[in-house]
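By written order: A, B, C and D. Residues from 1 in each chain.
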Amino acid sequence: MAGSSFGTILKVTTFGESHGPAVGAVLDGFPAGMELSSSDIQVYLDRRRPGKTKIATPRNEADSVEILSGVFDGKTTGTPIGLLIRNTSQHSGDYDNLRDCYRPGHADFGYDAKYGFRDYRGGGRSSGRETTGRVAAGAIAAKFLKELGVRIIGYTSAIGPVKVSSLPGDEGFDEEAVLTTATAMPDSAKDAEARAYLETCMKEKDSSGGEITVVIRGVPAGIGDPVFDKLDARLSAALMSIGAVKAVEIGDGKSVSGTVGSKNNDPFRIAPDGKVITSSNHAGGILGGISTGMDIILRASVKPTPSIFREQETVTREGTDTSLTIKGRHDPVIVPRAAVVAETMCALTILDSMLLNMSAKTENILKFYGRI
Amino acid sequence: MAGSSFGTILKVTTFGESHGPAVGAVLDGFPAGMELSSSDIQVYLDRRRPGKTKIATPRNEADSVEILSGVFDGKTTGTPIGLLIRNTSQHSGDYDNLRDCYRPGHADFGYDAKYGFRDYRGGGRSSGRETTGRVAAGAIAAKFLKELGVRIIGYTSAIGPVKVSSLPGDEGFDEEAVLTTATAMPDSAKDAEARAYLETCMKEKDSSGGEITVVIRGVPAGIGDPVFDKLDARLSAALMSIGAVKAVEIGDGKSVSGTVGSKNNDPFRIAPDGKVITSSNHAGGILGGISTGMDIILRASVKPTPSIFREQETVTREGTDTSLTIKGRHDPVIVPRAAVVAETMCALTILDSMLLNMSAKTENILKFYGRI
Amino acid sequence: MAGSSFGTILKVTTFGESHGPAVGAVLDGFPAGMELSSSDIQVYLDRRRPGKTKIATPRNEADSVEILSGVFDGKTTGTPIGLLIRNTSQHSGDYDNLRDCYRPGHADFGYDAKYGFRDYRGGGRSSGRETTGRVAAGAIAAKFLKELGVRIIGYTSAIGPVKVSSLPGDEGFDEEAVLTTATAMPDSAKDAEARAYLETCMKEKDSSGGEITVVIRGVPAGIGDPVFDKLDARLSAALMSIGAVKAVEIGDGKSVSGTVGSKNNDPFRIAPDGKVITSSNHAGGILGGISTGMDIILRASVKPTPSIFREQETVTREGTDTSLTIKGRHDPVIVPRAAVVAETMCALTILDSMLLNMSAKTENILKFYGRI
Amino acid sequence: MAGSSFGTILKVTTFGESHGPAVGAVLDGFPAGMELSSSDIQVYLDRRRPGKTKIATPRNEADSVEILSGVFDGKTTGTPIGLLIRNTSQHSGDYDNLRDCYRPGHADFGYDAKYGFRDYRGGGRSSGRETTGRVAAGAIAAKFLKELGVRIIGYTSAIGPVKVSSLPGDEGFDEEAVLTTATAMPDSAKDAEARAYLETCMKEKDSSGGEITVVIRGVPAGIGDPVFDKLDARLSAALMSIGAVKAVEIGDGKSVSGTVGSKNNDPFRIAPDGKVITSSNHAGGILGGISTGMDIILRASVKPTPSIFREQETVTREGTDTSLTIKGRHDPVIVPRAAVVAETMCALTILDSMLLNMSAKTENILKFYGRI
């Protein structure tokens, strides 16, 4: 339980360091019978892959995934799916000056305090590269969710001051653009604006924060559990477990503190098709930890990349003040590549909760086992 | 795993409904040898207790706790601590009109969708009354944390438009006031302002949102785990698991999306006593999921109480539109009573992480077992 | 995780000491909609209850259970079921001479080594009284298993040299006798023989070992998981977690080491009704950790009650050799009262595994969510 | 939670099928700072490796392990240790005749019932080859246990009628022989006898059962937890999770059912060095689920290899009776290669329990964090 496993029935365990031989994951509890090939996963990895654009680290890795187990005759077998991605483009020499001091805004000091030493090459386990395994595993969950009628879209909703407020389905929200723009923004004008802003940041040897929005559509009402495993609690942990995320919101999020009940409550109504809906969705699709059937809307605020090329004040492992200039290859903003990480973490969480939900009613269990 | 357990080494399991015979908790994994009496717990329960002020539900319960197990000769034994709080002031009749329809903003519809029926009296398991068990268990963790030099303070930092921005230790921050004001605000002027605002809300048959801040002082550097069990991920889940919380922030929180790395990074410095510190604390005491030794600063945004006395649109269980006027006894704002819930949830999380941390280094294990 | 929780989806957590105020359990994850009253549970508790016969401890407790939560309108709600049994017949004074020394064959020394001190009254948490909570929770699982067509029968198959080798359904196996004889043996002649043997033991201030057999009938093929959560691995842990159990066997058990494959393999055959069966059942209903649909047959060997009234050699907490004569009220053999503990532990394990099994196939999940 | 993870703080997750690309494991929670190279692991894998002797399957694999992560500068980093072993000698064609029918004594039918289809090549996930990952991970635990003064020896104590009753340290017990004889027996005369017996079995196209004994020396008193996580319950699950194990015993094991308390109780005594010991060890080193400091002695009864070359009765997937002659490469007895699996499973269990034990006393926690 050193923290590299996630999930209850559907459980992912990741491994790997930025500059070790490989990163990867084991996905256990995935049900049997779904068609799966490495190309299903590769599509997601390519969205996370570095080196594609001017605003991403030039570390250029194919990040091609090998399925080591759990698939037979092109279908999942119900047994653990082992996923391996070799590291191929390490420039470990870039990190030699970090051996004896801590990068501000990074996990270096905490790891040293905890473990007594650390793999200082590219952050080791604390590197964003760790998320490769999650994306690979989450891609598999996302594929099955699609078959279950659940669609998850994660995108960049802000980079510094440049913000997108429209939601999927709204006019002006270009879903295609999420996959094609360098910023993963659903709006090519905003994308251009954000890229211009990032150019400025880079010129000033600085980096930018941003925001990821994830919209989950098609989750039936009744998913999630009471008390500690509320669906929003699990999704919060899922998103906050992504390095650099400093806030997680659901629905109206932070703004609820300033509002009143008569405005924040979503009235229930019967839709023309007889389904229960709410006529607004301030709640973001979850009430009391249980899904309502409305869109689940999450936002994660992401801090600026801590690796900037300015000289920064820091300390040495021996306990003296010093200054540091970071080398290496770093994204000026993490959000465009982190959006798919957020999306796949939500996929893992939602699928796990949907599997758990199958045993909520005695009636369904009796039916499953042919007793009624 | 229907969601009523929390923690890894230190694990709390709660039970109980708003209008059933009792609520309570079992705290397993608490170490042996700490002095404990029910009065240690009662102090915390009293902070959560209803009926004390004009701005809390008049449901008046003593909420006195009985320790059922795990304590012998006044000390914890290392075995599960059973905690029981009898419900004594149920007015179940107030809920008769909810039998067949769903309260907007509440978990009613989700529970029905999940379980096929529900205890409609006061929200059953989804009631805020469920948190009584958490507070009782968390009070025990908080007591031990004090012995470990860790102090947690949870307070109301906003009610509607009335906000407190000072932090514990800042001038004007009155820690005493947190325990004595009706709002649990650390500032009696703000408390008066907030109470006036709440009076208006109540007159308008409305309710208010607000914000809880939790500051955790004295956590050593190195606590927390990489990847999924990052300390901030666990704390987020802990806070988001409290009903009505819709956003969780750490350090600069949501505002990081608009800032740049050179401003957001906290420079490391050596303090006069030789300790590593950061000269600012935008990170809120956690980097890469691991504590830095600086104050951990969390904020939870709480939605307005969904139970308001205005007529609201909703639907019946049979699928027709209707309207509903809620009866019963309800807080115009949840924050003052929820602050201690947030505080105790953080206590459970931090202590668990500190226990897990003991086995992070082989050196410490070899020392513990007398090998070096 | 100090060991008082058991299960994955269906999770029981027990609490309580022999001479504290109460024992009990919280059963979380039990599905919603089953009719449940305390009398369903009481039947099982009465089988475990002391004081009924000459061969059980004369500690006479009603052991009446109170359901604290999780039931509404006579049906389970899907939320945690809190179960409370008050201790009423403590004779704590009987244990004063144990304050400073360790009873041979008991957990006293280990608890002291682990926790630094212990509740010496009746063994505290290590007392057989702890199993009351398990039985209460397991009774609920057993009730639902009956609705699922699964029947579990736990009985005494040996007391000292007196053995019963017939299985339920065999001629001479009297199921009624299990519930009515003092020994819980399914054969009144053997019961008489065993009681005579126990009289001798008691006269000699000695105690007897014995064996419990549990037969689980009606578990469909396909239950259990590969590798670490093999159904037999989980059942073994369930049985070995009962104090005094020193061996667990499945099917032919220990004797398989001396046999050959051609005798041990069970040939598969098609039954007249088209079902796959095996024409023998050496495997005891589980192959590769997965149920075959045949009867699951388990045996647990139980050591003699360590509390005997002879003077015994032991040591003091201060580290000197001494001798000890145990007082108090003790069963000359544990097996008759432990059989129902074994039975209910198996019920918890089997039901949990059956719930987990619902998500094994994508096809079933797609059906459940109405996609195919 | 499809069963491929094991442990609480120290957690191993395995993956891989007999005829897929690879098998392996991820070991999470292993503490930082221990020297580790692949050769530490290889020694253990070589003991499990097939193809070495006439009485093992001629499937000849190097089984060389690659460490994918968690080690830096030759030392463990505290992060997950990824372990990869490529499959290189699959003869999948040998299994073509199993596509449509079930091998008696194997998991084939259960997997099909559970998952709807199965990887029929060599048993897929249910193959003994799955244990490669456990052995690799357990070897790392065993290395650290040695540094902690704990030594585990697993060996063959019976093959069919040929039995070894001496224990490590007894006269005639040749520890060297465990590693050098084909049978892993600690006695070369018995080894010869057993090999002769196996020759007979093989001539008769049959296979033999046997027994593994594991002795764990040097575990301090106080390890293990009350109730469900009793050390013997966890060890039982660990051993029973090895395919083909049908009984697990601790100490006097199955024979306790026939004995009396005055003979079974182990008297406590003070050893010349002041340590508390027991003058006999019927309990096998564990009382009430907690270690006593005496040798922990476990026995696992292993059924005969189900793959025998005689024609056997079985059924087809379509539901008709048929007969089957198994091809491929199979061990006439599993025990010699399974002994190291049992040993390493015990290593994982004991180390995990020792890590958990560090937080049992408040006093130790206060010391660890420098408060007393």
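Note that contacts are C-beta pairs under 8 Å (C-beta built on N, C-alpha and C of every residue); 3 or more make two chains touch, one makes a residue touch a chain.
Here the structure is a predicted model, which means the values were calculated and not measured.
Visitor: What's the chain with its C-alpha centre farthest out from subunit A?
Guide: Between subunit A and every other chain, the largest centroid distance is to C.
Visitor: Between B-D, A-D or A-B, which repeats the contact pattern of B-C in over half of its pairs?
Guide: That would be A-D, since it shares over half of the contact pairs of B-C.
Visitor: Between subunit A and subunit D, tell me the centre distance in angstrom, where each centre is the average of that chain's C-alpha atoms.
Guide: Distance between chain centres, rounded to whole Å: 38 Å.
Visitor: From the C-alpha centre of subunit C to that of subunit D, how far is it in Å?
Guide: Taking the mean C-alpha position of each chain, the two centres sit 26 Å apart.
Visitor: Per the centroid of Cα atoms for each chain, what is the distance between subunit A and subunit C, given in Å?
Guide: Chain centres of subunit A and subunit C, defined by C-alpha means, are spaced 44 Å apart.
Visitor: Counting only residues that touch at least two other chains, what does the list for subunit A look like?
Guide: Residues 1-5, 8-9, 14, 29, 32-33, 78-79, 114-116, 125, 220, 226, 356, 360-361, 363.
Visitor: Going by the contact rule at the top, pick out the subunit D residues touching subunit B in the complex.
Guide: 8-9, 29, 31-34, 76, 78-79, 144, 147-149, 220, 226, 354-356, 358-366, 368-369, 371
Visitor: Okay, in this complex, where on subunit D does subunit A touch?
Guide: 1-5, 7-9, 11, 13-17, 20-24, 26, 28-30, 32-33, 66-73, 75, 77-82, 84, 114-119, 121, 124-125
Visitor: Considering the complex alone, what residue numbers of subunit C touch subunit D?
Guide: 1-6, 8, 14, 102, 104-107, 109-116, 123, 125-126, 130, 158, 160-161, 201, 204-211, 220-230, 232-234, 236-241, 243, 246-270, 274, 276, 278-279, 282-284, 286-293, 301-308, 310, 312-315, 319-321, 356-357, 360-361, 363
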